[in-house]
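Pasting a structure here, questions to come.
Should a chain be cited, it is by its letter among A, B, C, D and E, assigned in written order, with residues numbered from 1 in that chain.
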């Protein structure tokens, strides 16, 4: 009953508290190294995670540090490590930098870590809410910008409404099994067999609604474009990467555990996946705001990810986990590049105004292009390898039609992803008042995510092995 | 790491160097030329080391890549790929030279992309691991997309995206096929692998073969391109910079035919057999259709593009004749087309450099001031229309010979394309080169410069060589092609 | 004793009234109230379940839900206040700057 | 006796819920919700969850909802009526969905076997405290993180810039 | 014949190399040396050809064929085609004719083309032509022959279009090449079929196998190969290119479009004679096409006003005679006529060239007349050529034409014979017309031209004499019943022995021929001498028939309406605009548009209204639960 498995979470929380307390009351511009602390906290947490790899620790009967949770925790923490410097630089531009921001970032990351580390629905619920509450606030962080607040409101209400359903699902599971632990539920359901009627599947369906909303799968996606667009870009990046990763991890855990509930949920997810990729891609095509485009794109990406969940098995889960890893880097790279392309004094999110910027701004240009190519699934990027294995696992399980739909969707998506590259490198230059100079806080994350996108695309082996290990330790 | 790996890595290393050299004005193109020449030397070395007597893959190199997934860096060469590799190595330096003056902006990126492209094309022809192949196959699109989109003509963006989407449209279907084969391999042997040689042992039902063949075929057919999936080609050609067109026509299209030879047919012979009549029909339609359309094109590049559609129809016809002569003819035609069409694009580029137009109606009487150019142009045209003694004839003849043995009506219909080729090419020559100089802008144009002569001379020599002594290029094919034909359903059309 | 099913039905009724009620309001606070009602309905299920299955988990979870709901309320109301300050309205239909 | 109390409380809570759902003024809604919560608290107590009932009344009805009321006052929402503009379609559609969902739930509940009514757990303060600090330590402590996050977030958002 | 085998490859090689040298350095060489090099090269070939010819004649009758293998050319699968030369009586005689006439014309060109800018290029083409022509006649197999076959076509194209700034020349060159290609299409298929049937394309290998094959197959091959011959030898219906080709330099017309290249079809048929001998239908077609062409082309020649066009149609007609002879199985007669025709038709063209030289390029015979005194050499040689062509003994044409017609009669092809006879009359008529209009009467051209009239330089006149001499004497190699050429060729043409026939019949028919020819000449003299204004009148008020003939039965117009325009229309409007742009591209762009429109439509769902979002969630939950519950309930 040691609490070692909780160490990464505790590190984050402690750091958050330190920042919140230390930074409280200090005026803006006061030199309190909150970003540095946050980054350090995340780094220590990463180290803690790495230290626990391979030990399969369990804390207090509810939190596991198995390979699965550590893999996802590391993903979240990587996102955090990338987010913090970008936040420092981009928020400073908008005069929104506050210690509280990092504190919130760390607290919601702590929620994410818990979310992916538990087999217990109660923990999952509380963690989900922790994560959400933090992100709601972060979304509205630019409280002087109406769009930020509107995004926050929409996100919040949609989330509250959806989590009620999610909770209802937990309650139903509890009613029929007397347990809120995935293993306990599974055991009870196995024992009672079919005489419970439809309530268990209702419970599962309601849980799926909760996850589907969180990962922004169609038809529970509608908050996402608005929230992504309105939130400060760095928050959007964090949201798109970390929140999705964490929620997806939990979804994998749940669908991987409740196997007695038949195969109906696969059919449901099949439809959800197809809808997600199709709708996401179709809507992304007509966007001009990069954040909104990426929002729809990430809806489509969720569709692809779900292919792995539907395929199931070790292969499917490995593929999904690996894709999540790749997705994190490529998506973060895209958002960071969008920030880096900002003009002096304002964000510059309309793709149309990016004509020729790829040549004048090589690093953001290359990073954005690589992200786009990777999201489109072009080889030598991680997006390709990821899709390859996602679809491969589905083909292996006989989901040919699903894969066909998915690859055709990939084709549609190429159109808008390439459009970004096209504007960057082939568009006519648009006159503008000069760009914001790039600091290290953006350069490094850009470099890291670009490198990761390519390196993971060329040498997927080691990361794939980790993902496989994680998939094996899901149970 | 052996020779084959170097063929892939040297241009890649070159592209990095070129990319870095951007701040010194003339270095990118010099470096690019040197690196591409080094690759040419390596390719020549490969030819020297190649043993024509051996039918199997040679100089095979294998590196562990992602063993748990059955992916390896597996490369090898046989008769089919040998000359395509040589062609790639040959055309790249020429493309660099062809861009020497005409590319003035962003030269470092341009030449770097050209070298990346070379590396990837080498990879396509070398890969024996299907995953590796697919990686190269798809990745080729990116540098080409950029070459067209950044350095292309007026409608370059439309053309670039069209090129990308078309070709990717086919290859995603192929991807599904690959995944399915991989799954079969996993199930049947218990060891996941992408090794092409192992895949040939897969057991498949007739139905499965048909579907898989279609999936692979979709990927390759668009690249070739086979009618009616060809409409990306004219646009891409017209808008691409000269070097882009050269490589596109010279090598990229061949990748499709190569894919058929290397993958689609040998892996799914029964599937191939089912669709042979349909494919032959499409090939013949392509031959005639491409030729007829080439006849009425107002733009030189567009004309050459449609002529490619026609010529590649012969290649497909030859492949699906499943006859040694036919397949060798198809391979020969691929090489010959690479040279002659490459030269045509280069020369159209030279005209463009002088006149800044490619519209046939703006030209005329160029021979007066450019006699040497006109002479070389004519030789290339004659080769393209299959005049005996030049490279084009041998390929076309062998293709027709092969097709005539297994599918006579198709061969006869295809032979009509030979007539049409003469019509559209000579008509074009007449309108561009001959006649009075009506537009003063066409007078007093400089004839071939030394650099331009250096580009064209090797091509002309090869065209003659291939026409007069085709044995040099046919003999190394024998073993490989016989192996290929032995795997195809004999008498595919007898039923 | 009252059968558990009765609790479930009451809870479902409350839940659905809350859920449907969301669509009867344009005022975000009122909508929020409906969501609170939904959470409470779930709690009723949990408590009833707790009695039925014979452990405290349900009640404990219900307690946590109350905590969660208050935390949500804090953030939600803070957002509404900020919004109201900026826009002078918290009518849901006015929040359509972000769309399509 | 017990069933009378049950049906009374259930009736009150449903009635109040309807008021919450349908009232034009947020103030009425908030007040009705308080009553509703109290009735539900009664149902908790009826099921033996006495501690929870107390918390419900004290914390939920007594504190949280009062905050709601305060916010309503603060934002001066009296003037804004919910029903001012009636765009009925969505409401009716939602009602339709609600009714259908109720039907579906009914089917699901109908499929349940008769569950045991009372296994005799008492949610006294002591029991709950014990339970939360042992078995449910992790989620319980996790709520601390949640509250901290809510605190930090709400502080930033609600503060005048 | 060991000597010959060593020398043989040099015969085509020397002009080939010379051509290359001229192409590369012709400009630097200077005009005089270019001509000398070219003529010298052909001269050398001529000498070698004569040597090997002597070798062949010197050998025993059964051992007159040798093969010289150069290298393996195309080999793939079971297909082999060697680059090899064959020397036998047929090819040796052809080589001699080609190099002989070629040499003469090269020399003539040096005078005729004086003052041309690009003389090096001209001689380069001409030498290249000789090389390809020699390749054609010496080739050991069909495919290698095809190299020469297409090669001479190329040279023809290049030389017709030599004056590339003239629109008509370019059009004519292109037309020649393309019409030839149409014929070559048949030829190519014939080669393919030969290989498929016999497994080889070598003459020496497949001809002996002919008897083993079914006549239907042989007919098919024969007809296909003959399609090639139709194109190359300008037979109806592919004759249209030859008259147009006359816009090229006149020596070229003489060499390529009269003496050598156009006879390649005849040579090819003779070369594969054993096959045609066993393919009655194909042979019948050869004869029929030949006869029809002989007659119709002659009628057209009657109404032409262009000196060279008359001769061109005459060539078409005479080639018809050769095919006629082939068609009745008299292959040696065909070759005989080929040889004699080479001399006198080349002569006539060179005379025409000489006339044009004097008249500053004028070719319209209405503007000539009375040239007899001013151009005595030209006149005399022209008359000799005319008499030879008309078939007046003892000139060469008499013997060969008589041989052809007699063969037709003897073998029972009376219809062909009658057509040939009628053609012979017409031949005499149009040649008489030409004679009178060009050389007799008064000069009708401008007075300035009249004063400048003078005979051509020696470099042009001595070739005239040489060819005239040839025209006069060559016929004696084929004196009936003592025909050297027939005995020389017969064993290698594998012809069945002629039907027995009466000597008197033969003699009387011979007389008839002479009478007919003389009649034609005399009629022309009567008509055109008596009425010098007749051509003008006819040009101004042409009768319907005259107009039809002048326009060559309007075949060109017919092709234009039936083939050229429809094909262009089909390509431009139907295939390009309708199919390629609208249908194929349109449907694909349509998909793209559909995707976009779909996106535009769907984005409206994301209206920005939170209530709507929540409703979608609510409805989604309902759908999901409905699916799950009803699915589970019904399943159980």
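Convention: contacts are C-beta pairs under 8 Å (C-beta built on N, C-alpha and C of every residue); 3 or more make two chains touch, one makes a residue touch a chain.
Keep in mind that what you see is a predicted model, and the values were worked out from it rather than measured.
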item: Chains touching both subunit A and subunit B; value: E
item: Touch-network distance, subunit A to subunit C, counted in steps; value: 1
item: Of all other chains, the one whose Cα centre sits farthest from subunit B; value: D
item: Between subunit B and subunit D, centroid-to-centroid distance (C-alpha), Å; value: 70
item: Between subunit C and subunit B, distance of the C-alpha-averaged centres to the nearest whole Å; value: 65
item: Computed distance of Cα centres, subunit E from subunit A, in Å; value: 77
item: Euclidean distance of C-alpha centroids - subunit A vs subunit D, Å; value: 31
item: Sites on subunit D at which at least two other chains make contact; value: 90, 93-94, 97-98, 101, 104-105, 107-109, 111-112, 115, 135-136, 139, 143, 146, 149-150, 153-155, 157
item: Multi-partner residues of subunit A (each touching 2 or more other chains); value: 122, 125-126, 129, 133, 136-137, 140, 143-144, 152-154, 157, 161, 175, 197-198, 202, 225-226, 286, 415
item: Residue list for subunit E, restricted to those that touch at least two other chains; value: 592, 603, 606, 608, 610-612, 614-615, 618-619, 621, 625, 629, 633
item: Inter-chain touch pairs (all); value: A-B, A-C, A-D, A-E, B-E, C-D, C-E, D-E
item: Parts of subunit A lying in touch with subunit B, wherever the complex brings them together; value: 359, 373, 378-380, 384, 388-389, 391-392, 395-396, 400, 403-404, 407-408, 410-411, 414-415, 418-419, 421-422, 425-426, 459-461, 464-465, 468
item: Interfacial residue positions of subunit E with respect to subunit A in the complex; value: 592, 595-596, 598-600, 602-603, 605-606, 608, 610, 612-614, 616-621, 624-625, 627-629, 631-633, 636
item: Subunit D to subunit A touching residues, read off their complex; value: 104-105, 107-113, 115, 135-139, 142-143, 145-146, 148-150, 152-157, 161
item: Complex contacts: residues of subunit D adjacent to subunit E; value: 90, 93-94, 97-98, 100-101, 104-105, 107-108, 111
item: Sites on subunit C touched by subunit A in the complex; value: 4, 8, 15, 18-19, 22, 28, 31-32, 35, 38-39, 41-42, 45-46, 48-50, 52-55, 57-58, 60-61, 64-65, 68, 71-72, 75-76, 78-80, 82-83, 86-87, 92, 95, 97-100
